[in-house]
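By written order: A, B and C. Residues from 1 in each chain.
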Amino acid sequence: MSVLVYTENWDGKFKKLSFELISYGKELSKKLNTELVALSIGNVAESELQKLALYGADRIINVNKSELSFFDAQLYNSVLAKVTESVGAKLILFAHNNTGKALSPRLSVSLKAGLATAVIAQPDLTNGFIIRKKVFTSKAFANIKINSDIKILSLLQNSFGLLEDPKNAVIESFDTDMDFSDQKCKLMDVNKVSGKLILTDADIVVSGGRGMKGPENWGPIEELASLLGAATACSRPVADEHWRPHEEHVGQTGKVLSPSLYIACGISGAIQHLGGISNSKYIVAINKDPEAPIFEAADYGIVGDLSKVLPDLITAVKEFKA
Amino acid sequence: MKILVCINNVPDTTTKIKFVDNKAFDSAGVQWIINPWDELTLTRAIEMKETQPADIESVTVINVGRADAEASIRKALAIGADNGIRINSDTSDSYSVAFQLSEYIAKEKYDIIFCGIESSDYNGGSVGGMLAEFLAIPSVSSVSMFEIKDGKVVVKREIDGGNETLSVQTPFVLIGQKGIAIEPKIPSMRGIMTARTKQLTVVEGVACNQLIEFVDFDLPKAKAACRKIDAENVKELIDLLHNEAKVI
Amino acid sequence: MDFNFTEEQLMIQQAAKDFAERELLVDVIERDDNAVQSASHIKKLAELGFLGMMTDPKYDGGGMDTVSYVLAMEEISKVDASISVLMSVCNSLVNWGLENFANEFQKEKYLKPLARGEKIGAFLLSEPEAGSDATSQRTTAEDKGDYYLFNGTKNWITNAHLASTYLVIAQTYPDKKHKGINAFIVDKDTPGITLGPHENKMGMRASDTHSVMFNDVKVPKENRIGEDGFGFTFAMKTLDGGRIGIASQALGIASGAFERALKYSRERKAFGTEIFNHQSVAFKLSDMAVKIENARNLCLKAAWLKDQHLPYGTASAMAKQYCADIAMEVTTEAVQIHGGYGYVKEYHVERLMREAKLTQIYEGTSEVQKIIISRSLLK
């Protein structure tokens, strides 16, 4: 029996969320008194793989096959099912991101394993296996009991944090012994955002709404974001008006984020927008309207004119960084 | 090609969420709608049928739910779906829903099965992937573009930090998200009228083992009031973010 | 008695609400300021079938009942009455008049494109000297044997510029008074028709309102609607139904203002609490809610009678008068609840208040409605 963590790399480097997932898994494997196995699929250098041990991986399984260079949920799932069986995993952990959302449901069916997605905390093991998650787009919480022998969780990013727990892990190469000749999906084109922080990955997000008045006023948002090492985002009306690209739209029908800090500039805080940001640890709202609903959701607020507050804030951050 | 669109019936997104004794969602006075992500993918399927009728033979909608979900099915018919199916069942966990769907679909033949990426009620986000695995066919999730070019299916999917364009062999499950259509289609009077004569078939659900159960629900505790900082003193914000929140 | 709406009626209500909130709301303040309508809105309205929603499907309409029409009118009027008045004229006056009184040839030629929304209609009754008094028409349609010759001026004509099909009420036999009046279908591009400038109005500023001048305009004889001298009856019967449209427009203006005021009262704080918690505000909202409920019931009752083919002239007059009057009251209170914010354009309620005023005036003033209602009391 073991806890298996599915890790993800980006051009050979692990994402921060993979380390968070290992930290979460380690805590759980200690409670269950079992070992933690990390699985990496892709071309990752040994030195990078070793980083997984830093957060507590007891074993590291490496699947490096050129046929798997492209993410095909059906094939990846077959690999996962084999690895699960081989290490006797009873608990499999994913990040609740695009890849985790694509893989975990398939694995749930393959293994007849109960799945809880968008999990925000460690399970309660006192009376079975009860997991807590947000439902109704963060307007409520549910406690879900998983009754199956094998269990799968997908963890919402930034809900646990990083905990170092260095281990001496062995890197094991795993031979899938599978036929990859019949690929039903073919990759035609990749468009990776380069040099820019990935919005759903970002720890800090600076976001603008209609209160910014127009796309020409986005300079200070971008400057503040770059100073803080943050990604930029926007509200739905802003994307609809093509002031900003649709990839930046945050909200119920856009991207759902869980950063440590979300700074909302000129966003009134419609319920649909709040649905996309309510997993943030801290929310800062800057708005000229003191009655804007965003202040109900915010931890810190500034009522004021953005054309003045933003430059002041930029100056203050510069001083702070200096 | 024959398209099947799975739609879920969910409370309107502006509904104030309440529970009966913290055990079940309180549906009193709730207005029900088609799950927004399902509605977007449905819109795209219908747009395709309207603009490329040679490629799309039919668009069918399917729901696993109780009779009160039929208003949503009929709305889908009014928007332009050709016929509707309701699998009579009141299960709400993704695994059972996907199983019910797969049992029905295994007997029929559809080329592409559309699902929304997530439901706005229980936010499982897993029916599409589970369904594909039950049917042992490919799935592409986080799809933000769907086209048929020279009879071949081309989709764009969002990855964390970009997107990929793929060609996919049918049959497969397409799990759509924001971007697949601009906004949900509003039914026209003509559409509402023609929906009267479209077929809505009800089939009985099948038993399924539940792997998970909802133990109870609760509402978020009232949030501490927002701490206001004087616009003349933004330095204080930096100080709080650094020393109190410890996020910068 | 059944107060439930059908699934279809609710779907139509939601469709109208989605259209209004997604498409119309965005620039409604600018359109009102600049007194312009957006061609794309009218195109979308047509595509959704809102311009011919009650016309029989055999004439390419949507075949919906009057109750659905009331629900749709209310939702669209909550956001933009300049659009809903266009919709009301097309549905309740032009299309309904043609469907019920025109011959098959006329329906084929004129009603079908109107019901599909490809063409827009206008209803030309009001004159500089004859507003709601349809008996004293000064525009003449002289019988010249092969054709009718039109001379005169029509005022306050909604859709005058946008429309391609006019329904014109004119006097053929002045000595016969109202029994000499006829109704005609007139193509707008007939030589001799000229338009006055866009009226610079207090409210519904975007609505396309002009005066229309007829100077020796020749209209084919086949374009007369019904028997010779049928025009006055045509106008009265058509206006009976038109009142349901304007009543539901007024209802929508009132409920739109009410919804905004209610929302505002729960967000805005004064003296340490949301202003809704002050009884003076809560009671205002309570009064507004009762008035709106009454108004909606009157509209739906008139619509229901019409759908049952029962007499609805008095009911529609009651609905029109009451809805218009309470729209004025409710919008005024909505501005009051908003305080200073209500007096600026951003919050919409001042616009709704200006729009409400027109509903007390056009398609028969509140006073004219009272004449109709009081006369019915003696029957």
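By definition in this document, contacts are C-beta pairs under 8 Å (C-beta built on N, C-alpha and C of every residue); 3 or more make two chains touch, one makes a residue touch a chain.
For clarity, every value in this text was computed on a predicted model and none was experimentally measured.
Looking at B-C and A-B, the interface holding more C-beta pairs in contact is that of A-B.
Taking each chain's centre as the mean of its C-alpha atoms, the one that lies farthest from the centre of chain A is C. Note on chain placement: the centre of chain A and the centre of chain C lie 53 Å apart, centres being C-alpha means. Measuring from the averaged C-alpha position of chain B to that of chain C gives a distance of 39 Å.
Annotation: 21 Å between the Cα-based centres of chain A and chain B. Of all the residues in chain B, the ones that touch chain C in their complex are 70-71, 74-75, 78, 183-184, 186-193, 196. Across the complex, chain A is touched by residues 11, 13-14, 17, 19, 36-37, 40, 94-95, 98, 117-118, 120-130, 132-134, 137-142, 154, 157-169, 172, 175, 178-179, 210-220, 223-224, 226-231, 234-235, 237-238, 240-242, 245, 247-248 of chain B.
Contacts from chain A toward chain B in the complex involve residues 8, 10, 15, 71-74, 77, 96-99, 101-110, 112-118, 130, 133-148, 184-193, 198, 200-201, 203-204, 228, 246, 249, 252-255, 260-261, 271-272, 275, 281-282, 284-285, 295-305, 308-309, 312-313, 316-317, 319-320.
The residues of chain C lying in touch with chain A in their complex are 267-269.
Across the complex, chain A meets chain C through its residues 291, 293.
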